[in-house]
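Beneath this line is the structure, given in structure tokens, with notes to follow.
Every chain is named by a letter (A, B, C and D) in the order it is written, and numbering of its residues begins at 1.
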Amino acid sequence: MKKLINAVDDVVKEQLEGMALAHPDYVKVHFDPTYVYRADAPVEGKVALISGGGSGHEPMHGGFVGYGMLDAACPGEVFTSPTPDQMYEAALAVNGGAGVLFLVKNYTGDVLNFETAAELAYADGIAVQSILIDDDVAVKDSLYTAGRRGVGTTVLAEKIVGAATEARYDLKQCADLARKVNKYGRSMGMALTSCTVPAAGKPTFELGDDEIEIGIGIHGEPGMRREKMKAVDEIVDDMMAEILDDGPYARTVREWDNEHGEWIDVELIDPPFEAGDEIIAFVNSMGGTPVSELYAVYRRVAQICEGRDINIVRNLIGPYITSLEMQGFSITLLKADEEILKFWDAPVNTPGLRWGV
Amino acid sequence: MKKLINAVDDVVKEQLEGMALAHPDYVKVHFDPTYVYRADAPVEGKVALISGGGSGHEPMHGGFVGYGMLDAACPGEVFTSPTPDQMYEAALAVNGGAGVLFLVKNYTGDVLNFETAAELAYADGIAVQSILIDDDVAVKDSLYTAGRRGVGTTVLAEKIVGAATEARYDLKQCADLARKVNKYGRSMGMALTSCTVPAAGKPTFELGDDEIEIGIGIHGEPGMRREKMKAVDEIVDDMMAEILDDGPYARTVREWDNEHGEWIDVELIDPPFEAGDEIIAFVNSMGGTPVSELYAVYRRVAQICEGRDINIVRNLIGPYITSLEMQGFSITLLKADEEILKFWDAPVNTPGLRWGV
Amino acid sequence: MTVTKEQIVTWLEETAVVLNENKEYLTELDSPIGDADHGINMTRGFNKVMEKLPTVADKDIGNILKTTGMTLLSSVGGASGPLYGTFYMRAGMAVMAKEELSNEDLYKMLQAGVDGVVQRGRAVPEDKTMIDAWTPAMSALKAAVEAGDDTVTALEKSVAAAEQGMKDTIPMQARKGRASYLGERSIGHQDPGATSSYLIINALLETVKGV
Amino acid sequence: MTVTKEQIVTWLEETAVVLNENKEYLTELDSPIGDADHGINMTRGFNKVMEKLPTVADKDIGNILKTTGMTLLSSVGGASGPLYGTFYMRAGMAVMAKEELSNEDLYKMLQAGVDGVVQRGRAVPEDKTMIDAWTPAMSALKAAVEAGDDTVTALEKSVAAAEQGMKDTIPMQARKGRASYLGERSIGHQDPGATSSYLIINALLETVKGV
């Protein structure tokens, strides 16, 4: 393993120290428990948007803390969900009196830890809601799995809902918008190489020189299937078909009922894409794939959308939700209505995403 | 070789097509000869800033075309300097009547091709100046080499001089500013892995699992020396010492004398850094290193600067001048005076760099 | 025969030792069907528990276990953090104020922990999780305690059942946690959480045997 | 004996063939001391020349070579593009309007090309560049032409000198081009540009010999 690190146990801590040194205007980093928060938090009267998850996906989430996006991010160890005390204390630190919305990627660890945090925050009298992102079409059957994973749509949801908090949407409006973004977003990822968790010291999986892994998550988990390497156009064709031809997705998720202080089961159905849709297309690097190759991916994505009468009205291309140094990419398509586009275009000013300011 | 490409011969063309599809508001791409240019070019009365070089360093240079940075970029084949007709025709396309400034990285190929282009543009009556960037302290002795290579300072010069062109600096003022930025900038790079040129199909050099290459350029060239892998702090310590302890750097460069239409030899001396300097610190990924590891690098850079009474007043952290999918990083330090800071902070709006708008 | 507070403390210490010894093994089990961190997570948590333990060693068994659970909750993360955190917290709450445990107490304590894990994680048997080690282990323990076996014998039966349950996860297709994303590709691998659960109950047996 | 226009065209064709045959070899030479593209660059350029050649085949030698140079200039890039581009353009300008070449013409033509390379690239002998193949090749050619050797003999001597010059680059430390950045590590490797230059002059010999 060759990585730009010192002791394996200090990796996350030192990277966060570097971030704090680099961006004092945007963020502060609290240790014990660990969370990254807006330098100007709490923002009075604004819903506080908090996300978090294992480290190793940078710039997500810490790099998205700042004006127009997150109020706080809770980084766990590499690829390990953070702990409830992190989210709970982050909530206390950034709550501006209008409540706290947790954006949670659907991984068992993230879900369970955020659940506990929501209970703790509620017990303290903080209004809290929690919305799951579960957009990974590589996971087929929610009945026989932990449900679709939360991947690329998370970044888009953080941007869009973050802008809504700045516009002083109330907690329920923010939660509704987050649920809608998740409903309209679908993603799929692939890997050319494995990544190496520092503490493990060797690649999580072995891939032959002519093999690729299709349908991976963002933690170096193996994917849906292994294939022979092929041309980028063919890879994108397959992945776009999985996303665009994905039918309605129905499942039950647990949401926190802040009024009654209990978990309730909510039935959700995501509609499929259809001709005439306007979308935001997000082509993401897994960390080790340079932006040049992402443009080859985007080229094909654009061709396919054009051929299916789907109109890309905005795009985002780059390494935003990564898996350490893994080579590979993911595609996220998000159906965009007026409200979503308005908040997408709104100013954002974070270390990892910036426009309009 | 596993890359997100189709046929090896189409790599650059298809990536540029993707870029054109992705960013029609910013750039247009011309083929035969190939150049990327501002969608709103030519900008009347503004000096046109043009750079270029081999492809494989994305987002540099094409990703830096747009308001406040480049007017055009000329991409060659991967790691191969572009040809004079590209620069010449780009100059014709973006010249707004105030002349054209070429920013040229000091590599024999880039230098020779841009020289020919300058002669061609001059012959057409276009006012042209050409400034070399040669900032790589890994190259020690300019008498016995082709001189220091142009690396990280190029990105900073494109940003700063681009802002000056928007402020309607005239051609000579822009050239003087570019020369000053180069004078104040020093860089050094290292690699954890080699990269693979698509047309070659295999890694340019072999590195053992416990070896790193110190003092590399940006084309997969081997570096100054090979070392055993060590902690990031030790690596940064060594590289920062090379940059900060680098003495005055004297050499002769060829510059185009637009008045007399000939090449003249210019003697340049770059002063070393000293305590009390204000600097812009730029920590760059070689393409395959994720931003999380860059923060570990930045952390140490900041500690060292603090210890030597050098004041980091701005920073830039991310993959901006890359070597395909190579893992590794470079550090660029740029002494910043008032003029440089003013133009650094000025708005920039390109696919690869954006703030203030 | 009873289990003393000292033995409970020793059990936790023994657990920390065993998990550290099996750190790489657990992480390796988590590679093909997970994210290669289960051993890392568990040792991080139990090493923190070892730091905390001296500060509560004079408390009762219930409090010691509750502290263990809270420490795991705030140091492990991942899926196993809230699950094992809940396990020890609920186990502790079932034996509050006690300084020693009868066989019935021991069973009640462990069963309360397992119930907490099920409530939090909603796993059912054959989902290929730690529940597949705990469910047979608890049935065996219950039967042995009801039959009047001594503590060591009862735990021996329980550990044997846990080991079998752990091995039985190999042919299962996962339906919970990360492994479930693999579908059929999760078949043929032993579940890391079931393995750590087996190690934990086995550590209890070893402690009580006094080996 | 003279060299005809047809032979010049054949020389260019033969060069394209030989460079394509040696594409990987030249690129491999460019790996340890360069950026692994010299073979790719040269074949890209000469394949373009082959496309262009039919459109100027009825022109004189000077024009054919000038077109060759301009084609290389706008298709090769890198260091070798402007250098070989200049070589053929200058060579062409030295024999403008000619339909066949005496031995003296041949020498003058090549020397003009080499002078252009030196002017553009400022390399001197022992910098470990293509100049280290051309310089001895031109001395040998000059001496042979002055001694009245026939074309084949003169070119044979020149090619032998070029080959020696090419091999002599192995122990040199580079002072120009990318290889110079390696300092002492450039020692022990044959220069790719000197190698392509040897192949080019050897292709001329083979053409004139009619093999």
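The rule we apply is simple: a contact is a pair of C-beta atoms (placed from the backbone, for glycine too) under 8 Å apart; a residue touches a chain by one contact, two chains touch by 3 or more.
Quick caveat: nothing in here was measured; it's all calculated off a predicted structure.
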Taking chain B out of the count, group the remaining chains by whether they are connected through touching.
A, C | D
In terms of CA centroid distance, which chain is the most far removed from chain B?
C
Take the average of all CA coordinates in chain A, do the same for chain B, and state the distance between these two points in whole angstrom.
32
Rounded Å distance, chain A centre to chain D centre (Cα mean):
56
Express in whole angstrom the distance between the two chain centres, defined as the mean CA positions of chain C and chain D.
76
Mind pulling the chain D residues that touch 2 or more other chains?
none
Residues of chain B that touch two or more other chains sit at none
Looking at which chains touch which, would you call it a line, ring, star, complete or other?
line
Which of the chains touch, listed as pairs?
A-B, A-C, B-D
Using the touch rule from the top, collect the residues of chain B that touch chain A in their complex.
2-7, 11, 14-19, 21-22, 55-56, 58-59, 63, 192-193, 209-210, 212, 229, 231-233, 235, 287-299, 302, 315, 317, 319, 322, 324-325, 327, 329, 351-352, 354-357
Mind pulling up the chain A residues that touch chain C in the complex?
33, 54, 76-85, 107-109, 112-113, 115-116, 138-140, 144-146, 149, 197, 199-200, 204-205, 217, 219-222, 224
Which part of chain D faces chain B closely enough to touch in the complex?
27, 31-37, 40-41, 44, 73-83, 85, 120-121, 173, 175-178, 180-183, 185
